[in-house]
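What follows is a single structure, written as structure tokens, with notes after it.
Lettered A, B, C, D and E in written order, each chain numbered from 1.
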Amino acid sequence: MIRPFITLAGFIALWWAMAAYGGVPPYMLPSPQAVGAALWTQREYLATNAGVTLAEIAIGLTGGTILGALAALGVAASPVLQRWLLPVLVLSQAIPVFALAPLMVLWLGFGLTSKVAMAMLVIFFPVTANFLDGLRRTEAGWLDLARTMNAKPLYVLLRLRLPAALPALGSGLRVAAAVAPIGAILGEWVGASSGLGYVMLNANARIQPDLMFAALVVLMAIAIGLYVAVDKTLRRLLRWAPGS
Amino acid sequence: MIRPFITLAGFIALWWAMAAYGGVPPYMLPSPQAVGAALWTQREYLATNAGVTLAEIAIGLTGGTILGALAALGVAASPVLQRWLLPVLVLSQAIPVFALAPLMVLWLGFGLTSKVAMAMLVIFFPVTANFLDGLRRTEAGWLDLARTMNAKPLYVLLRLRLPAALPALGSGLRVAAAVAPIGAILGEWVGASSGLGYVMLNANARIQPDLMFAALVVLMAIAIGLYVAVDKTLRRLLRWAPGS
Amino acid sequence: ASAQSFTLILDWFINPDHAPLFAAKYCGAFARAGLDVKLIAPTDPDVPPRLVAAGQADACLSYQPQLYLLVDQGLPLRRTGTLIDKPLNTLTALKQSGITKLADLKGRKIGYSVAGVETVLIGTMLKSVGLQLSDVTLVNVNFNLVTALQSREVDAVIGTFRTYEDIQLAQAGLEPVIFAPEDYGVPQADELILLSAESKLKAPALAGFLGALREGVAALEAEPEKMLALFLKDNPSLNDKLDIASWHALPPYFARDPAALDAARYTKYRDFMRAAGLIKKDLPLSAYAVQITA
Amino acid sequence: MPPPGIVIEGLCLRYAGESIFENLSVTLPGGRFSALLGPSGVGKTSLLRIIAGLEAPAAGRVYAEDNAPLAGRVAYMAQQDLLLPWASALNNVMLGATLRGEARDPQRAEALLHRVGLGHRLRALPATLSGGERQRVALARTLYEERPVVLMDEPFSALDAISRARIQELAAELLDQRTVLLITHDPLEACRLGHSLWVLAGNPATLGSPLTVPGAPPRAPDNNSVLHMQGELLRRLAALSPA
Amino acid sequence: MPPPGIVIEGLCLRYAGESIFENLSVTLPGGRFSALLGPSGVGKTSLLRIIAGLEAPAAGRVYAEDNAPLAGRVAYMAQQDLLLPWASALNNVMLGATLRGEARDPQRAEALLHRVGLGHRLRALPATLSGGERQRVALARTLYEERPVVLMDEPFSALDAISRARIQELAAELLDQRTVLLITHDPLEACRLGHSLWVLAGNPATLGSPLTVPGAPPRAPDNNSVLHMQGELLRRLAALSPA
């Protein structure tokens, strides 16, 4: 229980050393003290905006996971879908945010929807790709068994391949949990007036490194919390799989 | 061999329909004809810049994969490293590019290095996370066997857990291949004077949507090509694993 | 009757450049005009005009050079107002790097944020002192102009504002050497203008908005400190030395009559853009700028 | 429809150029137990998989004597137990119903698990079962299917002599009147359960003429004809396998 | 250092509250074959795993008679073959050397594969091997280790009668003078190979007094004492298992 705090202390010490002696000027890397001060004085502002980002992360992660899982199941269920959907999924990952942002706003407006959509776009792919890989890697013996049982493809997918692929889905979820915060930040790119991403972009544009890093610290706390929560949950749920 | 072209044709038809009848104005989504024309007239400009981005992708993907694989191996090899490195790895994913860009430039300059570093940052995490999951999921029976054999942990890692985790590494590589192009584009974000990301930023600012989408098309072609190449290679290499 | 909603997309994050908009709100001008004005800050200054053209908002803030590019590409947009009617943009170097006159930039690195017209601006300025674009190295530093300059990654940057970054550099104890484009062969331009979609030019809300904005400028001039206090209360994160200094530096640059159109200035700048090859068409004034009368 | 005989006609199988068997033809009598013996690696599992429709032969065909398709009438128990690690013993037994989307019959599954001696481990995950227990769950899963044709690949290999004898009797009872093909390495088992015994041997492998054991299975282990047949079978196996 | 005897002292094992065995004590004689029999699920594999140091008992301990640590002197062949799917038969046999970072001895590995009848499948991947072939590779892997103490869990269960007899002889030859504990379900096998035969039975399980078979293994299957012991063993097993 005490270890995270040692890590944290070490981290801050390193940061402090880098800021103080590393030749990194404060406008690039403000000192921990300055950031701590910003954290304290701007706590309400940060808390409000963190709430917004948290909501985006929560919705984005849930939506992205559901979407990614469905996409993987769809692709796994039907070779036709695979042929058509998979390239689109891959392509979706290659579109830079500034190409997509105007279209998102055009279709979804400036509200939460467009932000969540962007976040989901970032989150869903690791889920899809990993889950799909898992679905494809079903033990051949089980599939043979299912064949002799006259199994229906749908049930084979849902009751055999799906549970067998859960550890792979878990890997995807872990990656998704780690990229979810950046997904939400990218979502705020489409035009926001609140959220940690907005705070950071704003502070960055107005050269307020201490505020920017304060927001970054909050974001990272969210990221670590999220990852740990997802990791713990997965280990609990997948106790039958080795190494969990 | 003909199927990809059908897909492509369908895709272009959809695009064309959306541009022509979908109520999307041409300055947001130019018509396929306009983009095709831009692709042709600007072919040299695009080719040169695509070359730059390709180089970044290639170096970033190679470096990111090596780094990610090493990180996963390190974490898997030593519980101490795991305790210290894993949180840092997770955190690294939550840092938005605009927070990191100035530091990157300060440390690595405006040259290729800073771009490759940014690309690697995006690419290495899916590799690490997936590979690590695979390394942790080694069949318990094998580990028991290794124990009775008086095996050295290092060799167990390299000759047993590593090959067993290759399919999981493969999943990570597939995700990495899909995000590599955006990684390179993000790299160019830190300040570039060439590359497809630069072309897009520039075209975006100059309101040349046809050129921007032409660059996007090139980027997507790279993305698909990369994904297919990685996928094919992995299937070839992992023939012993089910479903490959 | 309930107030009519009017959405304005800003050019960039909320900053003291937008003071007249806030002043119009604080002095009740928007309410008197029957408008419920919503301000949205984008993260990318290139996006707002497209969204306005697509009907997603009633107006947006943009820059004069940008206007020509937009209209040349066929976006149905018009300049309908002016927020800042003098150039703010500068080319800035540091005295510390031994640059005192523009010609000293020969062989140096100049940083910029991609906005489309930088190369032409720099080229024009260099030409006025007998240099060429090929005499310098251009580096895209994206949104990190000041940092790039401070860390000496580049020797000069273009795109800094005399009412913001140049103040900031001075506050950081550096000695900025400032070159104004209009002193080196670039025509005068409005820095911050208001764009609306062609289809919404006749909307009474727009005229009302411009009228209210004019009241805002006057209110700001009358009670700058009171307006500043309200502004900081609304935007507590702007409560720092730099933004307050900027707030005080800006008033001379605000357009007294936002609706007024300086036709000669717009035509001259169009010729400049055309000569530089940035636009392909000989756009008539009415194709890109109008004066709205209430 | 009574359990059909199975006709195997001119079957050839090759792996990577090497011939496993060539032109194999035989008819397994309907409603009877056939036992298949033969040296390790001769091709028994491969033959079973071809009959189950899991592998395609290089030539030849397999069909039911009543000419109706075999697919859907076969229950198959592989050499590995193939239990799903996340499912309880009970759910593993009912896997067939689950995968067909049919209503499951937990009572019957429970009864089967009781019969194979696992009534106290209904909810156990496979990882907590011993080797023999896993095999018995797999057997219960096969019996749960109630198919007219049952193919079993060394189904009792992980059981001790006593459990084995008991489970053999259970199988004989529950699979009475079915068409059963049983691969086994235990001549005694073959003689206790089989109506006809086949020996697959040689390279490429061929099937000798079947030995027929009189009397209804399960026969007592010390039954005279069982002892006699066992001796005969061992002689055949010994004669057929290379020195 | 001659192969040590193994002392098992007061061993208790419980899973999820259920007791598998309590206070089990026995000494396996050094340099000899011990065969362990018992009903499925009684705890044989668990006992073997405790001796191999793979499982921790709830109480009691296991140590070598010479008091040197057992770790590093034990070769263990599990009930599953545990072959690595990406490695050839040959590389699977040499796995121990690979995992210890030692120089590998392909000649010896090849010779072992020849001895178990797989000389023609040296480079085959496990997926292309039959069940019995896989088991033989696992046996070769165990023999390759050349350890003084060898623990084997049903090592010949997937082999046909003839191959089994042959491999039993091979094991007897190569493991002569080692301390061997062999779990088997085949009373004949136990009697052919074992110097002492133990039966684990009951709930919680207990070990009866050992049966000692005279003569050096491998004994001929029709050897008189083998036949006699086999009868005795079957009686014991039948008596000990619940009705």
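Criterion: contacts are C-beta pairs under 8 Å (C-beta built on N, C-alpha and C of every residue); 3 or more make two chains touch, one makes a residue touch a chain.
Keep in mind it's a predicted model, so treat the numbers as computed, not measured.
Where touching is counted per the definition, chain D and chain E have no chain in common.
Steps from chain C to chain E, minimised over paths through touching chains, total 2. When chain A is laid over chain B using CA atoms, the rotation angle comes to 180 degrees (nearest 5). Summed over C-beta pairs in contact, the chain pair with the top total is A-B.
As a whole-number value, the distance joining the C-alpha centres of chain A and chain C reads 36 Å. In this assembly, the C-alpha centroid of chain B lies 50 Å from the C-alpha centroid of chain D. A separation of 83 Å divides the Cα centre of chain C from that of chain D.
Shared contact sites, meaning residues of chain A that touch two or more other chains, fall at 28, 98, 102, 106, 139, 201, 204, 241. Under the contact definition stated at the top, the residues of chain D that touch 2 or more other chains are 80. Within chain C, residues 46, 50, 54, 143, 147, 151 each touch two or more of the remaining chains. Every pair of chains meeting the contact definition is listed here: A-B, A-C, A-D, B-C, B-E, D-E.
Contacts from chain B toward chain A in the complex involve residues 3-4, 7, 10-11, 24, 28-29, 83-84, 87-88, 90-91, 93-96, 98-99, 102-103, 106, 125-126, 129-130, 133-134, 136-140, 167-168, 170-172, 174-175, 178-179, 181-182, 185, 197, 200-201, 204, 212-213, 216, 219-220, 222-224, 227, 241-244. Taken in their complex, chain C has these residues touching chain B: 46, 50, 53-54, 66, 69-70, 72-75, 111, 114-117, 138-144, 147-148, 151, 153, 278. Chain D meets chain E in the complex at residues 15-16, 37-41, 44-45, 79-80, 117, 128-133, 136, 153-154, 157-164, 185-187, 234, 237-238, 241. Here chain E touches chain B in the complex through residues 49, 52-54, 71-72, 74-76, 78, 80, 82, 84-87, 95-96, 98-101, 125, 127, 145, going by the rule given at the top.
Within the complex, the chain C residues that touch chain A are 9, 12-15, 39-44, 46-47, 50-51, 54, 56, 143, 146-147, 150-151, 168, 172, 236-238, 240, 242-243.
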